[in-house]
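Chain IDs A, B, C, D, E and F follow the sequence of writing; residue 1 opens each chain.
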Amino acid sequence: MDEILNGGIPRRNVVLLSGGPGTGKSIFGQQFLYSGLQAGEPGVLVVLEEHPVQVRVSMSQFGWDVRPYEEKGIFAVVDAFTAGIGEAAKRERYVVRAPDDFQTLLDVVRAAVKDLNARRVVIDSVTTLYITKPMLARGVVMQLKKALSGLGCTSILVSQVSVTERGFGGPGVEHAADGIIRLDLDEIDGTLYRSLIVWKMRGTRHSMRRHPFEITDKGITVYHDRVFKSRTAGRE
Amino acid sequence: MDEILNGGIPRRNVVLLSGGPGTGKSIFGQQFLYSGLQAGEPGVLVVLEEHPVQVRVSMSQFGWDVRPYEEKGIFAVVDAFTAGIGEAAKRERYVVRAPDDFQTLLDVVRAAVKDLNARRVVIDSVTTLYITKPMLARGVVMQLKKALSGLGCTSILVSQVSVTERGFGGPGVEHAADGIIRLDLDEIDGTLYRSLIVWKMRGTRHSMRRHPFEITDKGITVYHDRVFKSRTAGRE
Amino acid sequence: MDEILNGGIPRRNVVLLSGGPGTGKSIFGQQFLYSGLQAGEPGVLVVLEEHPVQVRVSMSQFGWDVRPYEEKGIFAVVDAFTAGIGEAAKRERYVVRAPDDFQTLLDVVRAAVKDLNARRVVIDSVTTLYITKPMLARGVVMQLKKALSGLGCTSILVSQVSVTERGFGGPGVEHAADGIIRLDLDEIDGTLYRSLIVWKMRGTRHSMRRHPFEITDKGITVYHDRVFKSRTAGRE
Amino acid sequence: MDEILNGGIPRRNVVLLSGGPGTGKSIFGQQFLYSGLQAGEPGVLVVLEEHPVQVRVSMSQFGWDVRPYEEKGIFAVVDAFTAGIGEAAKRERYVVRAPDDFQTLLDVVRAAVKDLNARRVVIDSVTTLYITKPMLARGVVMQLKKALSGLGCTSILVSQVSVTERGFGGPGVEHAADGIIRLDLDEIDGTLYRSLIVWKMRGTRHSMRRHPFEITDKGITVYHDRVFKSRTAGRE
Amino acid sequence: MDEILNGGIPRRNVVLLSGGPGTGKSIFGQQFLYSGLQAGEPGVLVVLEEHPVQVRVSMSQFGWDVRPYEEKGIFAVVDAFTAGIGEAAKRERYVVRAPDDFQTLLDVVRAAVKDLNARRVVIDSVTTLYITKPMLARGVVMQLKKALSGLGCTSILVSQVSVTERGFGGPGVEHAADGIIRLDLDEIDGTLYRSLIVWKMRGTRHSMRRHPFEITDKGITVYHDRVFKSRTAGRE
Amino acid sequence: MDEILNGGIPRRNVVLLSGGPGTGKSIFGQQFLYSGLQAGEPGVLVVLEEHPVQVRVSMSQFGWDVRPYEEKGIFAVVDAFTAGIGEAAKRERYVVRAPDDFQTLLDVVRAAVKDLNARRVVIDSVTTLYITKPMLARGVVMQLKKALSGLGCTSILVSQVSVTERGFGGPGVEHAADGIIRLDLDEIDGTLYRSLIVWKMRGTRHSMRRHPFEITDKGITVYHDRVFKSRTAGRE
């Protein structure tokens, strides 16, 4: 991604990572955090869709073992999934006990970021926060942006769109973000293809091309020197 | 399907089986359970759309006689259709007396899974649970996922979409599932064709192709070595 | 239709007969009942859109004189149109006095089916039962299915869709039926063409083709050995 | 139109005359009534959109002078436009004083039909009766059908659709009518063309073609021996 | 326009002038009034979107100086914009003090028309009257039609549609008007083109073609002898 | 832009600057203000989406250092983002303490314009003012237009539309503005292209072409002598 973004996501940017089901959004976000850890940048992963235990298992399948970083205090999972219910949840350090209350969630995220002096934050997914209350979408994203950017973090907000949706998550959300990365999975002549495009990114001269990518057992590999052309043609 | 999924649906995955009317979703789910029985994996079929007696008749038409397995205590039908009304219903072991109350249903399913030590569960259909309350869809799927995955089951949730609908059951549902298998029935030049595609499947490297399939008197046969190409072309 | 359905609609199936205005749904249903009478199968026609007197006149125009069968007690019209108001209505045997109340209608239909020991039932149209209350559609169809199938009848539910609608009557309705037959009327190069397709039919290996048909003064003639191809091509 | 309808609209049929703005619906209806008068069939024109005085002027521009027929008591205008307000309205014989109350309108129409022993009725437009209450559409059309058909009239209900609307007036309305005639005005390569098609007509073998027509100073001329082909092709 | 309308808009007609933003509707209406003044026909311009002072400035830019006509008492601006607030508004003769109250507006318009014995009226725009209350649209247009036609005026109602809207202002509005003139601005291969078409005009044999037009510093010039063909082709 | 607008935006015009996410609307507005400063025209930037501090940083990245102009009292940022909360906000001169109350905002903007004798105003974005209250959109834009035009300012209202939206911000907004400039970002064969078109501009003969533009580290460069043709073709 570095070649495509001309040096990575600029500091303090809040980026919307938008895509349909199965496009690899969660993996992308986890890889962003793990790369940060390897480069010495503390990170926080806020999970709203999956059990924290399951998330660690999924990450380890790509070779991303976060346990040592959790022990060193430079990585944390914020559990906004279990509401603290269940044995495994009791072992989590950061738990949002009322995941339906956005202010509670924001408080726990802020605490985690400060404790770790985190530089990278991923919220998977931000859509969960307003799926039954679409009028709140812009407000939620604006508050996250103020908080995370104010804390000095570079952030990815995972935005789930329907498989038939060409937008990025609604007008309020699309314009509030500093950047938009779109992941796509398209069926062409009976075969599924993965591609991504950086639609917007403040503060950097990003690639203006759509690039193919693959998900292997080591995570996402983007082909920055190839252009994925078929999609537009197939659509119109 | 094993070639297409590279070894079957990974353990504990909750898979959305999405398709329009007449695409073969119920048959697919029943075959998944019957194959499990033959391999020694206990299974539970939760029926919300059809009388349990009729379901057993339908299965037997494909040569899938579940009576011996029911007697051995490794297969069960959960009747969420009759509400216990009628003579035949009185002979059922697992009956959801208030099918409109999701918690009641979940309790009966849990009990059946524990009694049988079930490894496979099919819910036919999950759409019935929120057809008049679409705002609840994501919550229902998330709770099923927590419960079934927590019990160690590999599950198929049948998702009914309209014949004109290209989505898989709505944004909340599509993203909550660990996997999505789509069954299609397309009319091309006056002829109906069946095909399926695995859109998403956590934990395995599945086929990225759309495959033709047939429904014969032995059930579903998927042609894993053939690609069904006409559909995309005909659509755009 | 027998060749297309490979022996007719299987016993106890509840079939959705879906089509736009002018596609011949009522004629199809009446012909289904009249063929039954000729083969010795008692039948019931539930009319919600037309005066029973007018229905008998319409049928006689195709040479289908039902009076003798009514007298023999093997055919009956259930009048869910007049609410018993008017002279002619007083001569009807089966009258639904509160056509807006579905339970009342169901009671009268059940009584008629039992009296005649009916094997075939047509409801023209089922759409009328929920046209102003779409949320009830699935429930109505499910109840009809339980009742009619339970009584041993093979049934046709006429489903009216708009001329521009490609669906069969909504997701709840499409999936609840055991079979779907779609009648179409398409304008191609300034000429109207009739065709039908069996989209789904449990318990039989039906034709997977779209067939042209005609309405003559003897009723509907389906060309089971011809395929109507132009429609798909003209649509995409 | 007689060639196209194979002898005219069958007796007692209630026909929906559907078209966008400027397609000639009012002229078609007026010509239907005037032809009736010339053939000795009394007629009633129910106007909801235009002042009765203006309607008579418009008709006279096509050479259709209805005054002598009004004096002979075989033609009448039912004024459902002015509510009886204004000098000119005071001279009208049939006035609906509460045009928003459908039962009042129905009573006046019934009275006029009986007084004149009318054989033909045109309601211009029926859309006005439910434009702000679409849920009532089917009920209004069904009541008109029962009343007018019961009185022995052949009727035309003018149905206004938007210029971009391909339907005939909504599902409830389309299926309730005995016949549907559609008037179209299409722009092709910068030129407007008029055409009509009979989509449905109970009790007659009508033309299955789309025919061009013109509006001259003598009214509508339909070219029954020509087919208008360009429209479908231009649309798909 | 005279060639296209075969002699101008017929007397007492109420014409809908429909178009997207930037299509020249206001200029067309102002030119219609100024041509009337030059031919000795008094006129009234009802402004709802622009300050009366600004309107006079805009008209003078095309060489249409209305001041002398205002002084002679054969032209008037009805100010339904300022509600009488501001210095400039105090100098206006016809002011609608409650522009949100349609009856007030109608009264002022009636007074102005009677004072001037106006023959031409333009309402710019009628859309403003029901933009937040679409259910009222037909009623507003019908009342204006009764009032203006009753006063002997030929009128233009400016109807604003969205840039993506192909209709003329909604079904109630489209059918209520005696005529419809549509102005379009289309982008074809990176260039904007202006064209207009008369879709409907009672009482005259208007052009059935789409004509290109230009806006110069002398107002609108329509090319009645040229046809604008590209649009339809580019659309389908 | 001067060549395209034939001399710039005419004095007192209120222009809608419409575009999807990532099209460069904010940069366009900032450049408009900075050019004014260089030409001696005082300007006001009203920010609703971004922290004032961040806005100054963003502008400086294009070489637009506004600090000296702020000190000279000919440039001001109106902070309608922070509500005065936070250390940095305390240093701002013009703060809207209740950004949700439109009248408060209007008062602060008026004060700033008067203090600076501002000639140019940019509101980034006007969409924020009615995103959850679309019925208010036209009223908000009309009030801004009256106020800003009345104060003698030439103004740009940034209008955010969704990436899939072809309109400019809704019918009420599109027609209220004196001018419309549209910025686009289109993906063609896997590459993103920027272009703009002036759809409407009162008081000047603007270019009727779509022009390509680029965003470099010096801001926006429009190629007034080139036409961007691909877009229309790719769309239809």
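Convention: a residue touches a chain if its C-beta (ideal position, glycine included) is under 8 Å from a C-beta of that chain, and two chains touch if they have at least 3 such contacts.
For clarity, every value in this text was computed on a predicted model and none was experimentally measured.
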Mutual neighbours - chains that touch chain C and chain E alike
D
Check the residue numbers that chain C and chain D use where they touch, and answer same if over half are used by both copies, otherwise different.
different
Gap in Å, rounded to a whole number, between the CA centres of chain F and chain B
52
Whole-Å gap between the CA centroids of chain E and chain F:
30
For chain A and chain D, let me know how many angstrom lie between their CA-based centres, rounded off.
60
Among the residues of chain C, pick out those that touch two or more other chains and give their numbers.
none
What kind of graph do the touching chains make: line, ring, star, complete, other?
ring
Touch list for chain F against partner chain A, complex:
20-22, 49, 51, 54, 58, 61, 86, 125, 127, 131-132, 160-165, 185, 187-193, 234-235
Touching chain F in the complex: which residues of chain A?
135, 138, 142, 146, 149-150, 166-168, 170-172, 174-177, 180, 195, 197, 199-200, 202-203, 208-210, 227-229, 231-233, 236
